[in-house]
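We call the chains A, B, C, D, E and F, going by the order they appear; numbering starts again at 1 in every chain.
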Amino acid sequence: MKGRLQFLVAKIILLALASSFVSCYDPSPLQDYCVAGVQDINGVFVNGRFCKDPKLVTSNDFFASGLNIPGNTSNRLGSFINPVDIPGLNTLGVSIARIDFAPGGQIPPHIHPRASEILLVIKGKLSVGFVSSNDYNYTLFSKILYPGDVFVFPIGLVQFHANVGKTNAVVIGAVGSQNPGLIAVGDAVFGSNPSIDPKILAKAFALDINTVKYLRTVFFPEDDIVNE
Amino acid sequence: MKGRLQFLVAKIILLALASSFVSCYDPSPLQDYCVAGVQDINGVFVNGRFCKDPKLVTSNDFFASGLNIPGNTSNRLGSFINPVDIPGLNTLGVSIARIDFAPGGQIPPHIHPRASEILLVIKGKLSVGFVSSNDYNYTLFSKILYPGDVFVFPIGLVQFHANVGKTNAVVIGAVGSQNPGLIAVGDAVFGSNPSIDPKILAKAFALDINTVKYLRTVFFPEDDIVNE
Amino acid sequence: MKGRLQFLVAKIILLALASSFVSCYDPSPLQDYCVAGVQDINGVFVNGRFCKDPKLVTSNDFFASGLNIPGNTSNRLGSFINPVDIPGLNTLGVSIARIDFAPGGQIPPHIHPRASEILLVIKGKLSVGFVSSNDYNYTLFSKILYPGDVFVFPIGLVQFHANVGKTNAVVIGAVGSQNPGLIAVGDAVFGSNPSIDPKILAKAFALDINTVKYLRTVFFPEDDIVNE
Amino acid sequence: MKGRLQFLVAKIILLALASSFVSCYDPSPLQDYCVAGVQDINGVFVNGRFCKDPKLVTSNDFFASGLNIPGNTSNRLGSFINPVDIPGLNTLGVSIARIDFAPGGQIPPHIHPRASEILLVIKGKLSVGFVSSNDYNYTLFSKILYPGDVFVFPIGLVQFHANVGKTNAVVIGAVGSQNPGLIAVGDAVFGSNPSIDPKILAKAFALDINTVKYLRTVFFPEDDIVNE
Amino acid sequence: MKGRLQFLVAKIILLALASSFVSCYDPSPLQDYCVAGVQDINGVFVNGRFCKDPKLVTSNDFFASGLNIPGNTSNRLGSFINPVDIPGLNTLGVSIARIDFAPGGQIPPHIHPRASEILLVIKGKLSVGFVSSNDYNYTLFSKILYPGDVFVFPIGLVQFHANVGKTNAVVIGAVGSQNPGLIAVGDAVFGSNPSIDPKILAKAFALDINTVKYLRTVFFPEDDIVNE
Amino acid sequence: MKGRLQFLVAKIILLALASSFVSCYDPSPLQDYCVAGVQDINGVFVNGRFCKDPKLVTSNDFFASGLNIPGNTSNRLGSFINPVDIPGLNTLGVSIARIDFAPGGQIPPHIHPRASEILLVIKGKLSVGFVSSNDYNYTLFSKILYPGDVFVFPIGLVQFHANVGKTNAVVIGAVGSQNPGLIAVGDAVFGSNPSIDPKILAKAFALDINTVKYLRTVFFPEDDIVNE
């Protein structure tokens, strides 16, 4: 329960990541800028985001601060993502985030469905990698990174970052979309709401049903609360 | 009715799915057609595929057969994918496949990084679903499907299909790309080549190291062979 | 008059095809999904479709049924198109339809301006083909298809499908857009509302004016009604 | 026979139109310019065009002349298209052409599958129009145009231009692609090579078989030669 | 010939160019047309433009006139741009404009950030050119143009047109977007509102501060007025 | 903190920025990755880059180092750009660079024609800004930035960054393309090769011809050398 709650810190941040990123990776901007405004008009949305009146746009719509401040990594995974929250990014196809890692901390296997990522190490020693798709036989491309090193993660592939040094680690991640999306594999498979049928998952992973149920408590502790 | 269900065959499997599809989901064709030709020129490739001389293109470049023949589902997952292999699909942004399921068979949690999918049930009873990303709290959208039913799976999200009926099942899957790609989650995470560091995976999934090593034997039995 | 009315069955369906398909073939989804909601806000539309509140999205938004039911082919052309009507397809760039053909039935020469198509024969024997553009000298690519056969029709080219067997025929057509559009050549040229100047058409096709007027009664019998 | 040959003048020009336009309407240029070079490398093509060495590019690669010279409209349709032939247009998504019309001349119903068009009248009086797709009930949008008038034709829809004045007419047509493509409806339906089965066309247009055969002699006089 | 050159008019100027063009160069139309309607709904905009009800669309939405009327070139630069203002261009990716030049008149160095341009000379003698980016060493591609000549300007590069003949000059410019945008380099650098810090500009151009202040009076005379 | 700021080096400069970035901002990758390989095949190029054999791809294709090493800012503008040079970025639509500024140093007014940029300040105090296009009246959006601050620069607009603090400054710039391109306004206008006609520039900027010739010596000193 504790672990789950602690991860919620990071999770809320991850959530903030996606919701702060705004809209496109394909459509180009059709004007100089289209600063994200209201989310909806009476419950009606658009592909991407509605934009505020360009006459009301100010410099602050293109600005954010605080990426120099370490995040709180006191959670199960020992990591913290601090994405920027800039409405002016809407339609511009790029964004940036700071990620902190405690020693041993990690961003677990995940996918960005709408952007490739480029990682720059500011501090620490990390083991990072991505796995190609079935077409390329699930080949792992990985590297140990030190300050000043850069690594690229292609769009839509499973990737991970782990602090394998003895100190905190800090990286800057840039993505080619203002809304790259984030799918942590464990959360999507074992922590969905509601759950995927445990029998289907047991067969998919050749695991006994109890291990699947245990994994559910890891990735969806709310269920745990309900059941106990 | 019987005739309509006399589908299918199979030369390939999961592995073949992606490699038979050919190339794009974004760039439109820049001419009437660009039939996939040689893979490379002296080891040099392009984004997508090189095309054959349009003067040599024939009707057969747009044709395939055999989707009426059942695939061999005698494997651990009890399923078989038979995608079409049509060079003329290159640049056209669509493809199709037949999938067979033995009773209890499934296509395990996977992602198509480059296309949305639409599924049509020809025969049988299936439980299918997809899980939204972190943005939408890993919500599961699922349904039990019967013949004539159709379900949609958005690009880049984790999805699964399982035969929950007592007979074989047959579905037709259409995708909005000639090269949708396929990432079976278990294969990418536990079966990559080489392996992701088991300690990183153990922490990611809160599993003990032995379970991670067991999962490796499930998704990468070659290792097992080599080691014993 | 009868013929025209009968074709209206198919026509309404064709119309349904386009209106049930929703919006894009180029812009990628800028979020997990953007389920088509209201058509307009006080008469104001967008390129593509407005979307419903993602918090109100359910599994049924990605579901349709009934593609196992034969369509009524009792019309002049002896065919019936049953496209799926799934709001969740909006922005996803793919769709599917079932087409039924009576013996001798056909889908006459037409163009999908916003998607390529892939056809899978479920039952029957069909003659299908497409014609390249002026660039490639209006070359016809055609084939006789049997169950399990697949044929590809590139975006924007004139294509046709005709049942040349002795039984009903059934095909599944998949397209790389949720809104491929449909332009039946005869309807666009001879059945527009209002009519293209018959003298212009007479010269274009080297036909006498009476034949052009006859063709108008075929493709726009409403005129006929008015005149007689 | 004469008519056909005469139309070949325009036809060869139309052909030149498409082949002089080069490649894209979707992919943006990925560098400053990508001047079209060789068509193929040993029979191998790409989506769009190969480009010449940027170090060998000169101002002439972006230049053409002669659009001030009237075209020869002595052909069945009384029109002549003179598109520019500029290799530097490759990847740039725009092109231009001059069209001449004799009195009564026309560009018959046709489609540009890969670009919208905008027409500017330099001289004369023209009747122009386009027909919406089935979605919008084949509505005709048309207008009589005079010098200085401009009209827009959306991508993929059937359009026509006819000189309805008593003098020659001259227009400039701009398109949003360097390779818009051209499908003259009559040529694609009745003049393909080889022919679409006349019985299929007879049913499609509710014409007797002899009229279909006559239309073939109009749009494909080569057949005529062979047969007689 | 005379008639062909009787072009043009003019209501707007450089400033009007962009605002009359409407919206996209990447997203394709997701329906037949999406005629630009209201700019905003209660101050809320979209990427591109909202569209009017398709049922209310008429031929006039695709029409404009007046490009045969000469523009008033009595201004510092001796030129006048008359772009078309056609709501139906929205989403169609193309537009057109007439430009008039007095003897010695010019369109100064500028960039279209969202479209390539193709120029056709109707009358006069012009010196035109564009400069490649840093990648290609700021190479100038230029040409002297006469009536009937055409020159291409790639998207996003600095270009200019100058009348170097002794008479007025008239050109037609077509662009691959309905909203190409316009950045006159002098205006953006020296005439922004408010001003870029003159010290920064002085260093950027190695100019003394007084010359920078003089340039400001050229490109932003309003300041001048306020100050004196 | 110190460690985190021990960035960077530099092999290249402004000139190298674009050539190290590789290729796209619109076409999505049509496979997992398309690692940039040879530039040309016998002098023949493609839009973007040719790719190396995927079987020969290694982790190092996605890796670069050295962004922790300060660049040499001993030049007229007092700044240094160190972009990453990673062949694996090809088709992935993102890149990153380190920029160093001496006190008073600047990146002068410039445009990235193929990507938006997001800037993160690692060290120092900077004045940054961009100017909207003619459509938005050349409005300046600017801000003073401190460590941890982020600012966004929309694609294709004129932007600048200047160190207004008393120490060196370091920023990380991320762009939504692997080949954003770089057009320094002064270089393109006054330093092109060959020169734009000084008389045209004199009129464009309302400068006397001698000031234009002086500016040429600033931006194209080679000419100076030749002349003296």
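By definition in this document, a residue touches a chain if its C-beta (ideal position, glycine included) is under 8 Å from a C-beta of that chain, and two chains touch if they have at least 3 such contacts.
Treat the numbers as computed from the prediction; the structure is a model and nothing was measured.
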| item | value |
| --- | --- |
| Other chains in touch with both chain B and chain C | A, D |
| Per Cα centroids, the chain farthest from chain E | B |
| Farthest chain relative to chain A (centres taken as mean CA coordinates) | D |
| Fraction-based call for chain D against chain B, same above half, different below | different |
| Approximate Å spacing (C-alpha centroids) for the pair chain A, chain E | 41 |
| Chain C-chain D separation of Cα centroids, rounded to whole Å | 24 |
| For chain A, residues contacting two or more additional chains | 23-29, 31-32, 41, 46, 48, 54, 113-114, 129, 133, 135, 142, 155, 157, 181 |
| Inter-chain touch pairs (all) | A-B, A-C, A-E, A-F, B-C, B-D, B-F, C-D, C-E, D-E, D-F, E-F |
| Contact footprint of chain E on chain C as seen in their complex | 23-27, 40-49, 113-114, 179, 181 |
| Touching residues on chain E, where the partner in the complex is chain D | 3-4, 6-9, 25-26, 28-29, 31-33, 54, 57-69, 84, 86, 88-89, 92-96, 115-118, 120, 122, 129-130, 132-133, 135-136, 141-143, 146-155, 157, 172, 174-177 |
| Chain F residues touching chain E - in the complex, by the definition given at the top | 14-15, 17-19, 26, 76-77, 104, 106, 108-109, 111, 113-114, 127, 129, 131, 133-135, 137-140, 142, 155-158, 160, 162, 181-189, 191-197, 200-201, 203-207, 211, 215, 218 |
| Touch list for chain A against partner chain E, complex | 23-24, 26-32, 34, 37-38, 41, 46, 48, 50-54, 56, 90-91 |
